[in-house]
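In the two assemblies presented below, chain A is common to both, partnered first by chain B and then by chain C.
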Partner chain A sequence: MSKDGIKLKINKKRYGLIILVLSLVLVLSIGFFSVIGTANIRPLDVLRIVLSKMPIINKHIEIEDLPDSYEAIIWTIRLPRVLLGVLVGASLSMAGAAFQGLFKNPMADPYVIGISSGAAFGATIAIVFGINISILNISSISIFAFIGALAAVFLVVNMARFNHKIPTTTLLLSGIATGQFLTAIMSLFMVMNSKDLAKIVYWTMGTLAGKGWKPLVSISIPSIISMVLMNFFVKDLNILLTGEESAQSLGVDVERVKTYILILGTFMVSMSVSISGIIGFVGLIIPHMVRLVLGADHKILLPASALVGGIFMISADLVARTVISPMELPVGIITALFGGPFFLYLLRASRKQA
Partner chain B sequence: MRKFRGLVFFLLLMILLSSVACTGKSGLENETKIEDIKSGEVQPIDEDKNFPIEIEDIFGNKETIEKEPMKIVSLAPSNTETLFALGLGDRVIGVSSYCDYPEEAKSKEIIGDLNGNNLERIIELNPDLVLIYGYGNEDENRIMRDAGIRVLGFRSESVDEIIHDIETIGRATGRTTEAEELKESIMAKRDAIVQLVKDEEEVRVFYEIWHDPLMGAGKGSFMDELINLSGAANIADDADGAYPQYDLEQLIERDPEVYLSAHDMEDKTVEAIKSRPGYQVITAVKNNRVHLFYGDDANLVSRPGPRIAEALEIVARAIYPQLFE
Partner chain C sequence: MSVIDVKDLQFGYRSEKVIDDLSFMINRASLVSLIGPNGSGKSTIIKLLSNIYRPWKGKIFLEGQDINSYKRKELARKIALVPQNTIINYEFTVEDIVLMGRYPHKKRFQREDEEDLRIAHRAMEDTNTLHLKDKIVTEISGGERQRVIIAKALAQNPSIILLDEPTAHLDLNHQIEVLNLLRNLNKEKGTTIIIAIHDINLATIYSDEIFMLSSGKIVDKGRPEEVITKGNIEFVYNLEVAIDRNKYTNSLSITPINI
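Let's look at the complex of A and B:
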């Protein structure tokens, strides 16, 4: 036990090394997975196409001999897809890690506290009422998903607030109640507007395919900033683990910290959800996996979760897009299919150790 | 105290269960009685050589139809179209909310939609015959059959199957001559189009079922056959399943020369399709050969019914417009 009262599995001095290694693995995965795809393009050509897009170097790279379709496949389809996967996986996992620490509840994932149903509700409103406004190239569905998620989380938090406090149990309960309520309204809309049914159903299925650069660019900066900001709260999260009363006595403004973390987490998740739709399982399982291996210190847990989440997501998507070509599988199936057993294995292994 | 509460709960549960069981049983008895009286009342006046007839649908359900059906419920748009095409429109007393062709079908009572069929209303109407889509729901079918209603299921994904369905419906309703005529006209039109396109070069076609995620019409789908009959090649025909989620990389690599889809959403336009990421290099987009089916055409190409030859024509026209000028 360290002085923070958190069981450490890894020497703190090694944190830098771990992050470095994970970052390297992530970069290598991005490179590796960009090369692999169902289209029959040589790895060397993939590299040439990517390099030809880079500033400065591009003067020395000629890709005139390659067909346009290669460039379209690699540059407009595969690369943004892989990068979007990294962003979505990282956002979901980091938000999941923060929420689990915040509520000291292993079941708390971005969806339990109402983000998913709020986002889906917002998207449904946009679809059913045919609202068509777009800001910064983000579609109206995405904007409404984001507004819906924020509104739902604030509703949940305010319902749960009790004597200027947000007790964990009421928060989870009101999250579930709000989720059910919004889902019911959504079902009602679907029944009354059956022509929009397909659109709503597919939106809630989640996919990384066919988005291109525009949405990726529009969410990447806000997502990355919110992820960086989240890391300013690692000490507070660690102290919160020791209990709210003692955290208060240690000088942490518990309620304010909770609100900030909640807003940041919601923001990064709804940014992702608004582009990819709902992809389950990642936000719940990845933080647990990382915690089982690296321990519960948020200093390492948050960044490592984000990196592992990114790696995991693009691995799952690689399987989804290649395994039964030319068909694709919904990526949510793969995340659950591979993540589930691996998680159970880790759980068992760590129990034996203890 | 706790034990006592458990006992009370158990007793209440038993009472509840037995009361439910009783009402269910007595209800059923009433039903059969009404049925008996009715079948006793309506005696066939003169013997019809077409009836009684035993009909077996593609799912192996055998129904014996005693007399010419006068009241028919159709719970799928393709079946409704067939009934009207056979001149049985007047006998259709109930349809699904999707039955929008011909125009008269819209004035029929709607007793089925996305959320299921109004079983109580169907049994109340007491039709002689109910035509459902596919196998239907086993429980619903049993309830209808128990109420003395004949239920036949249809699900066709090809011209031959559609013709087979039309013949089956014709026999079940005593309209064999009309069914034969309809079959002849469908086959004549199909052959004419096949003849028209036979010397054309095979064009690569993709039919989009949905865009996000991208889904195409694969092997075994109705659209796959229409494309093949039109003399074109469906680039998605090696995907497993009729409506697979389709890999965008493969779409671009296989490079369709004609891109087809139905206008199923307000914001799905030819321009929107052309501006999707990566689509700019597709030959169909470059050569302005993205074609959307609007309105009734969209229904036509997605509905395995008696207008199949017309569906084939609009697909062939979209692929080889020069032949139809």
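Let's look at the complex of A and C:
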């Protein structure tokens, strides 16, 4: 990935600072994007509504003067939507960054390699057949999404494997074929079940609209835990980039580490997909942008990708909900508008390298 | 004193046997070259010794103890591997790469500290790569990269270094540079060095001992003068050669003559 050499020199000691700055930008973005929307509500009023929901200080916040609809829009619609966007963007980006390192493959992205479709397929099965078994407060839809995604990823990886290697071309081909196939079956199920084509479009293009607090709360803890756990493997991911034999000779338990990373990444993606549907290319664009600026070290790449992914996702969602306001676009359309050309650019770059 | 003791080793890929009933010993602090034609099993032996491949049969003893009884990191503190033609396409600095050699000395959540940095810097000094430490590894030459990979191996603080074709893909001057470096390590620190190498002349100059391989068997082993003979070369490479003593280095040198 030798680029043009234009690159910030990042001192190891700056990692904490970078994370801090990105976190601040994320928090500001959350505030900013909660203010912007079809209904014009003043920033100060937004802050008052949010504070009025906080324990302890809510006694001092009076919002009687604001219309009830404001409270509903901010508290039950926009804020959970923005927070869900952060979680989805962060999960997809971190998983993308980890998979690109794991497969030593710049094109690995949860959407491109079929994991997202596998998750959506699993979720659809749970929805269509009305399966209802929740474990540890995780809904059956999320659990089935995880099972579907795991099945898809092991299928894709095994089909793509060739002489103990996973070449870019076969990974892309088997990922896209599997993804399209599962999406087709999923759409078929939905048509037969609900005749609601709009729902299918929103599910296969992905949307953050109209979810409320409940799904956000149910996936937030498992998603955040899996993201934290992923950071346990940053050293191993770095070493894997220097080659598997090298990693093995340094004492890395290569097969086991790869399995853990694959399962963790698949898990965080399926949690997101089970709520938002398939949102493509986020896990491709964000890690590349972050790597371009901060370098290949996963110690900074993983957390920074998650934070930037969160910011990117809520920005894309802002476009999705305001560009043809009061109508909405599925946010997956916006990410694909960015991601498609970017994907082609990367393909071209990697072809040149080969 | 042997540091590695290989007994009745058998190994192959799929159903094809590559290493057949191999037994040998490696003396501590020696510099040993494995030579032989393509497919003779040089690289395979290197990978078996570094425990990347599991033998079908037989055992490898490291300091008298079965290599499989070592924990992964424990083994990596004793044996370092420099794989064939390592290409790193990711933008790590040279220092990042060398510090990876400290991995087997650290627990999962332990950060690299001053001590690790000091060891990494010494490894870079020894391999003449310290001036490259902030360079991006994708932007240095092949010879420099090979030295960086050797620095990473040194940072592991191993008593044995295995190298798979360390001079392939290098210009002659860089080949000599790398081999000089290995000889110095061997002489000054007593590091045991095992090299799979194609170039017989270079192997003859640098090695204490040469193992000549053919079809997964050791045809002959011993001091270069004992192994590099007209008969052996003809048998293993099917090539007629003249063997002279080089008047500058006083080492043997072979020249193919049926050309």
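By our rule, the second predicted complex is superposed on the first by the 255 of 354 C-alpha atoms of A that agree within 3 Å, B and C clash if a C-alpha of one lies under 4 Å from a C-alpha of the other, contacts with A are read in each partner's own complex, and residues count from 1 in each chain.
Following the convention adopted for this analysis, contacts are C-beta pairs under 8 Å (C-beta built on N, C-alpha and C of every residue); 3 or more make two chains touch, one makes a residue touch a chain.
All values reported here derive from a predicted model rather than from experimental measurement.
**Student:** Does chain B (first) or chain C (second) touch A:Ile73, or do both, or does neither?
**Tutor:** After superposing on A, A:Ile73 lies in contact with chain B but is clear of chain C.
**Student:** Using the touch definition from the top, say if A:Leu302 reaches chain B (first), chain C (second), both or neither.
**Tutor:** Touch status of A:Leu302: no partner.
**Student:** If we overlay the two complexes on their shared chain A, which of chain B and chain C does A:Met227 touch? Say first, second, both or neither.
**Tutor:** Touch status of A:Met227: no partner.
**Student:** Report for A:Val82: first if it touches chain B alone, second if chain C alone, otherwise both or neither.
**Tutor:** Touch partners of A:Val82: none, neither chain B nor chain C.
**Student:** After the superposition on A, what does A:Thr207 contact: first (chain B), second (chain C), both or neither?
**Tutor:** First partner only, chain B.
**Student:** Just to be sure I read the superposition right, which of the two partners does A:Ile113 touch: chain B = first, chain C = second, or both, or neither?
**Tutor:** It touches nothing on chain B or chain C.
**Student:** Looking at the overlay, what does A:Pro326 touch: chain B (first), chain C (second), both, or neither?
**Tutor:** Touch status of A:Pro326: first partner only.
**Student:** Can A:Leu284 be said to touch chain B (first), chain C (second), both, or neither?
**Tutor:** A:Leu284 sits against neither chain B nor chain C.
**Student:** Under the stated touch criterion, name the partner, chain B or chain C, that contacts more residues in chain A.
**Tutor:** Between chain B and chain C, B touches the greater number of residues in chain A.
**Student:** Both chain B and chain C touch chain A; at which residues?
**Tutor:** none
**Student:** Report the residues of chain A in contact with chain C in the complex, numbered from low to high.
**Tutor:** So the residues of chain A touching chain C come out as 1-3, 5, 7, 9, 104, 232, 235, 238-239, 241-243, 245-246, 248-253, 291, 295-297, 353.
**Student:** Residue numbers of chain A touching chain B in their complex, please.
**Tutor:** 37-40, 68-69, 71-73, 76-78, 80, 130, 132, 191, 194, 197-199, 202-203, 205, 207, 209-214, 321, 324-330
**Student:** For chain B, which residues count as touching chain A in their complex?
**Tutor:** 97, 113-115, 210-214, 218, 236, 238-241, 244-250, 252-255, 264-267, 276-278, 280-281
**Student:** Hey, which residues of chain C end up touching chain A in the complex?
**Tutor:** 47, 50-52, 71-77, 79-81, 83, 86, 88-93, 96-97, 100-101, 103-104, 106, 108-109, 134, 136, 138-139, 156
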